[in-house]
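Heads up, the next two complexes both have chain A, just with different partners, chain B and then chain C.
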Partner chain A sequence: MLNAVRKLRKQISFPRIVLIVFLTAVGVFMLIPIIFLFNHAFKPLNELFAYPPTILVKQPTWRNFEQLLLSSTAGLVPFTRYLFNSAVISAIATGAVILVSTMAGYVLSKHRFHFKTMIMGLILISLMFAPETVAIPRYLVISGLGLKDTYFAHILPFLASPLAVFLMRQFIDQIPASLTEAAKLDGASDMYIFTKIIIPLTAPAVATVSIITFQAVYLDVETSTFFMTKETMKTLAYYATALVVNVPGVAATSLAAAIGLIMFLPNLIMFLLFQRKMIQTMLHSGVK
Partner chain B sequence: MGSVTFNHVYKYYKGEPEPSVNDFHLEVADGEFLVMVGPSGCGKSTTLRMLAGLEEVSQGDIYIDDKYMNYVSPKNRDIAMVFQNYALYPNLSVYENMALGLQLHKVAKSDIDLRVNRAAKMLEISHFLTKKPSQLSGGQKQRVALGRALVREPQVFLMDEPLSNLDAKLRTQTRMEISKLHNQLKTTMVYVTHDQTEAMTMGTRIVVMKDGKIQQVAAPQTLYDYPNNLFVAGFIGTPQMNFMNGSIVSIDDEYYFDSKRVRLKIPPFYYPHIRSAKANLRQIVMGIRPEYILCEDWALESYSDWKVSAVVDMREPMGSNTFLYTSFGKDTLIVRTEAHTAVQAGDAITIVLRMDKAHFFDQESGVSLTAKGEYA
Partner chain C sequence: MESAQHTELVKPPAAGPKKTSPLYTRRVKTFMREVWRDRMSYLFLAPFMLCFACFIIIPVFIAALLSVTNFNGIEFPRFVGFSQFIYMLTQDVVFMKYTLPNTLKFAIIVGPGGYLLAFVFAWLIHQLPKSIRDYFTLALYAPAMVGGVALSVVWAATFSGDQVGYLNNLLLRFGMIESPQLWLQDPKYLMIVMIIVTLWTSMGVGFLAMLGGLQTVNTELYEAGRIDGIKNSLQEVYYITIPSMKPQMLFSAVMAIVGTLKAGAISTQLTGVTITPNYAGHLITNHIDDYAFIRYEWGYASALSVVLLLLSYVLWRFCFVLFGSKGEQ
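Showing the complex of A and B:
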């Protein structure tokens, strides 16, 4: 009882109140763009062009989304095609990156083999290159392999993700070796250990890698710009940036408002979904 | 059945100049409780892990039940291991933890249920079979880990410091439980620890290791009574055996232990050992355990040949008896006496060194001149 009171008093000390007030202010400030985004997407034309601009919408309407759905580039490729491309590519790339990075992380962490340190070193070095620096070699490789205008060009470059492998290895390193050894003595195969013991324990890292990868793929414009000559193979992110150029007049503003929200929503959903999972798994994983 | 043979086994880790396990040669009989002790880094775990198949054997052979094991994978060695940090699968329930090994070995479901429940009853963990490991206390986790090994009904149990994460009381309790289990099951156990109490109380035989080498293999009492060398003599027993440098001199066909301060007569039954010893008699270490240094009146009368005087530096009451730390020249001699002794720190007292219980070691090699215990 006394303890509880003391604890409470400790919690509501003056510096703590200041901290909470300050953090709340920062939080609200950071929320403003998101609130604006949501409201903006539902504004009718006159509100979109209102001066001074308002944050909140007065007469919400679905008109912007209707227009977006019906819109198309140069009257040929419909908006839904871009949406479809983005959905397929993001889903496959995220899944594939998780598969590859967890497997690589497991082997690099829990197996002994020749040149292991060298391989890990190479992965670390490749972490240091900014994507722009490898744009030209990447172009040469992709066009050399004849992958231009295919989904492979969208997915394969993301697959080799040193960051994801590195994160996974670091995370799997925390799982005690005795756990995999106990499983080995119990008669578990490598595949069994990987799927039934390692994967359930790496859920937080998987969540992190999914968020990072999904964002990178979903927001990627370069691939569509450089490797896709066919309009039908380009993604939503490309469409969003090209909108202003391709669509004439005031319609562009209306479409931009809607597409802004659509580009943002999946990220938000992913984040909310995995953030909770992340905290949950960290609390109950029993690793620590 | 569950016999184990190490045939001159070596382990060289990459990048280490010295072998971590050096010529480990030993036979473990079926049903034996073998304890390996030694200071940190002496190669106990490495030896155990080679037996488990978790570590490659660099040189030499390992047999379990007379079958050559060097290249057999861990799961086919018919062994079960208990780890120091329990190594329970965090995402599985207690029941699933215990059942997994059996499932993977394709044991029938009804049989698994039977075995898990029997082991659970034995270890008194039946009431939390559905819990997750994170919901258990350290002692409970360790019992589950034991249970997981138990249900496998292996030929050999391997345990690597299974009790070192438990508090003192729980450790004593679990120690007795493991001993009891061994008495019931009569399965071969190889048990690694650096706790000599565990070694002395549990083992039917103890292997003392140092720097990857076996120092001595013997039954607990033999090890205590007849240590082979200085290291074993100092390692086994708390407080440590008392050591004193000196020489052995012969005067009129009698042998005496001679240090700068005293000359003590050595009892005649040691003479054959001393004569046949290949040691430099001028450089000898004499060792006497604290319980064989006496300060009671009766002892001063009975052993009047072996009296010396010393000064008490410190008094350490342990409850059941008291240890007196006395200085005798440069040496400190620990005397074990009765709990309620009137002797106080600062007192000058007369003590008896029971030379009939003394050990003599060659200073240079550390080898005992007098040990009668078996040698590895």
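Showing the complex of A and C:
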């Protein structure tokens, strides 16, 4: 690949410059709203409502965040409670999805058993599945299991992630079978193979699954809207949506500016940490 | 494996061994033995499969069942046959006049359009030296990480209907419009705004899969292609790149379709209301939400979700025909 790139560089340098300029323009266009998001969060009130509006902040202030930290729903449930819920739920759900999908991916890739083809078929089809389409039946299942207003209702539905299992399986597929079979011949148990061979080798896929899952969980509003009746069990994403949608006015604008950034930042950090690993996993993402 | 000592524990099911033929019993016996032999596999799979059954398979079945009832969330569902579907096709004016055309328009532009854009950008980025690829990848992927709230904050300010709105301000300054336009409230513009914003967020996992796929293409093929008379990069893409990364193209297509079909929240995030003015941004997911959570006609809402699920299944088959590796070679 590098050779080809080098050759290309020698052959055509002008088109390359045009390409870089073009992509930079596209990149900047894509990033402007995000730059705006960062600046907006630090604008003092007079700049939030300034005319003409500006993208960049002139006198940055933490005031929006301070207000957000002190805000609460109807004076009852403080901001920090939503923050706590979101942190706990995102952390546990991401960890659980990694464990569950690695286990399933390992078995689906390296073991042979009945129903395997059928299960893989189901997983492939449900890659297409959007949970939003069956919100009502999910509500019936969750209330039937008595999970309403519990953390389980926040976490368990995310464990049913065909995408995570699919990516894991595809990634584990390229770990040579000879490796696990050799260990098996030496008398290693499945548990040993899983923890000592599979887990260390799947680090890139684990990173990818954790990015995807964290994003999905952290940004999820539906669970809080449909399955939680107690305000204390709802998440930050729900609080943010409620703030942005329901309360127009001066105070809401400044809170929304701050919370918009808070809803974006963790995703960005996760992605920056694992970007390379994510593309590495995607090498094997193909549906064959 | 090590399960030989356990096999005698397994007994054929008690369902009348005298009635069944010996062959049948033997088959059940072997089957049970095999299942017991693979118990570790099932154990490893169990946590996922349990959740998968509870939150995907069972809900889909319940939706299918409810779609032939008039369930309203309180009374016990009553069987009404296919009347919900007949109502959908013959009497639901909003569905026929707004939801369906809107969904088709939105899906046709955002689905294939976003998919094509993702491929073009992934391909262009791939032409760059490795050292700077990451920056461009990040720039294009970043919008996909912006959640609903941040999206509302940014785009509501951009398309705000007064002079303070960024777009109005810009266009007024250049004299392209004479008075501020209500981008989000005017039915003329809302759909276009929704499409632009969705395209902005569409460089997601599918885009990353394409980037990954491009790296898997064997570079020797390009050299071989040049010898065989491939003249320009367009031919190269068509004859070598795409066929070599079909699996990733298929995965990415699947991601594009899911993203498009479930994109109903966008109109609410932009305008702040569930039902957009004049149904200008009314997509099928909004229609489902309308019947499910405003009118509490869960039977009808389920019928709508069944239609959506069937639609996504049909599209899935279509993609397989297009990119499946079984058809060719």
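Assume the second predicted complex is superposed on the first by the 256 of 288 C-alpha atoms of A that agree within 3 Å, B and C clash if a C-alpha of one lies under 4 Å from a C-alpha of the other, contacts with A are read in each partner's own complex, and residues count from 1 in each chain.
Note that a contact is a pair of C-beta atoms (placed from the backbone, for glycine too) under 8 Å apart; a residue touches a chain by one contact, two chains touch by 3 or more.
Source: prediction; values computed, not measured.
*Asks:* First (chain B), second (chain C), both or neither: which does A:145 touch?
*Replies:* So A:145 only meets chain C here.
*Asks:* Is A:104 in contact with chain B, with chain C, with both, or with neither (first, second, both, neither)?
*Replies:* Touch partner of A:104: chain C, not chain B.
*Asks:* Now for A:185: first (chain B), second (chain C), both, or neither, which partner does it touch?
*Replies:* First partner only, chain B.
*Asks:* For A:118, select first, second, both or neither according to whether it touches chain B, chain C, the two together, or no partner.
*Replies:* So A:118 meets neither chain B nor chain C here.
*Asks:* Let me test your reading of the model: by the given contact rule, A:76 touches which partner, first (chain B), second (chain C), both or neither?
*Replies:* In the superposition, A:76 contacts neither chain B nor chain C.
*Asks:* For A:40, is the partner it touches chain B (first), chain C (second), both, or none of the two (neither)?
*Replies:* Only chain C is touched by A:40; chain B is not.
*Asks:* Who wins on chain A residues touched, chain B or chain C?
*Replies:* C
*Asks:* In the overlay, answer first, second, both or neither for which of chain B and chain C A:197 touches.
*Replies:* first
*Asks:* Same chain A residues contacting chain B and chain C, which ones?
*Replies:* Residues 184, 284-287, which sit in both footprints.
*Asks:* Can you list the chain B residues touching chain A in their complex?
*Replies:* The contact residues of chain B facing chain A are 52-54, 73-75, 79-81, 83-85, 87, 89-91, 100-101, 104-105, 132-134, 148, 152.
*Asks:* Sort out for me which residues of chain A touch chain B in the complex.
*Replies:* The contact residues of chain A facing chain B are 176, 178-179, 181-188, 192, 197, 200-201, 284-287.
*Asks:* Which part of chain A faces chain C closely enough to touch in the complex?
*Replies:* Spelled out, the residues of chain A in touch with chain C are 1-5, 8-9, 16, 19-20, 22-24, 26-28, 30-31, 33-34, 36-37, 40, 49, 51-53, 55, 99-101, 103-104, 106-108, 111-114, 119, 122-123, 125-138, 140-141, 145, 156-157, 159-160, 162-163, 165, 184, 190, 194, 212, 215, 218-219, 221, 237, 240-241, 244-245, 256-257, 259-261, 263-264, 267-268, 271-272, 275-276, 278-288.
*Asks:* Which stretch or stretches of chain C touch chain A in the complex?
*Replies:* Residues of chain C touching chain A: 1, 31, 34-35, 38, 40-42, 44-45, 47-49, 51-52, 54-63, 66, 121, 124-125, 127-130, 132, 134-143, 145-150, 152-158, 163-166, 169, 173, 200, 203, 205, 208-209, 211-213, 215-216, 219, 222, 245-248, 250-251, 254-255, 257-258, 261-262, 264-265, 268, 272, 285, 288-289, 292, 298, 301-302, 305, 308-309, 312-313, 315-316, 325.
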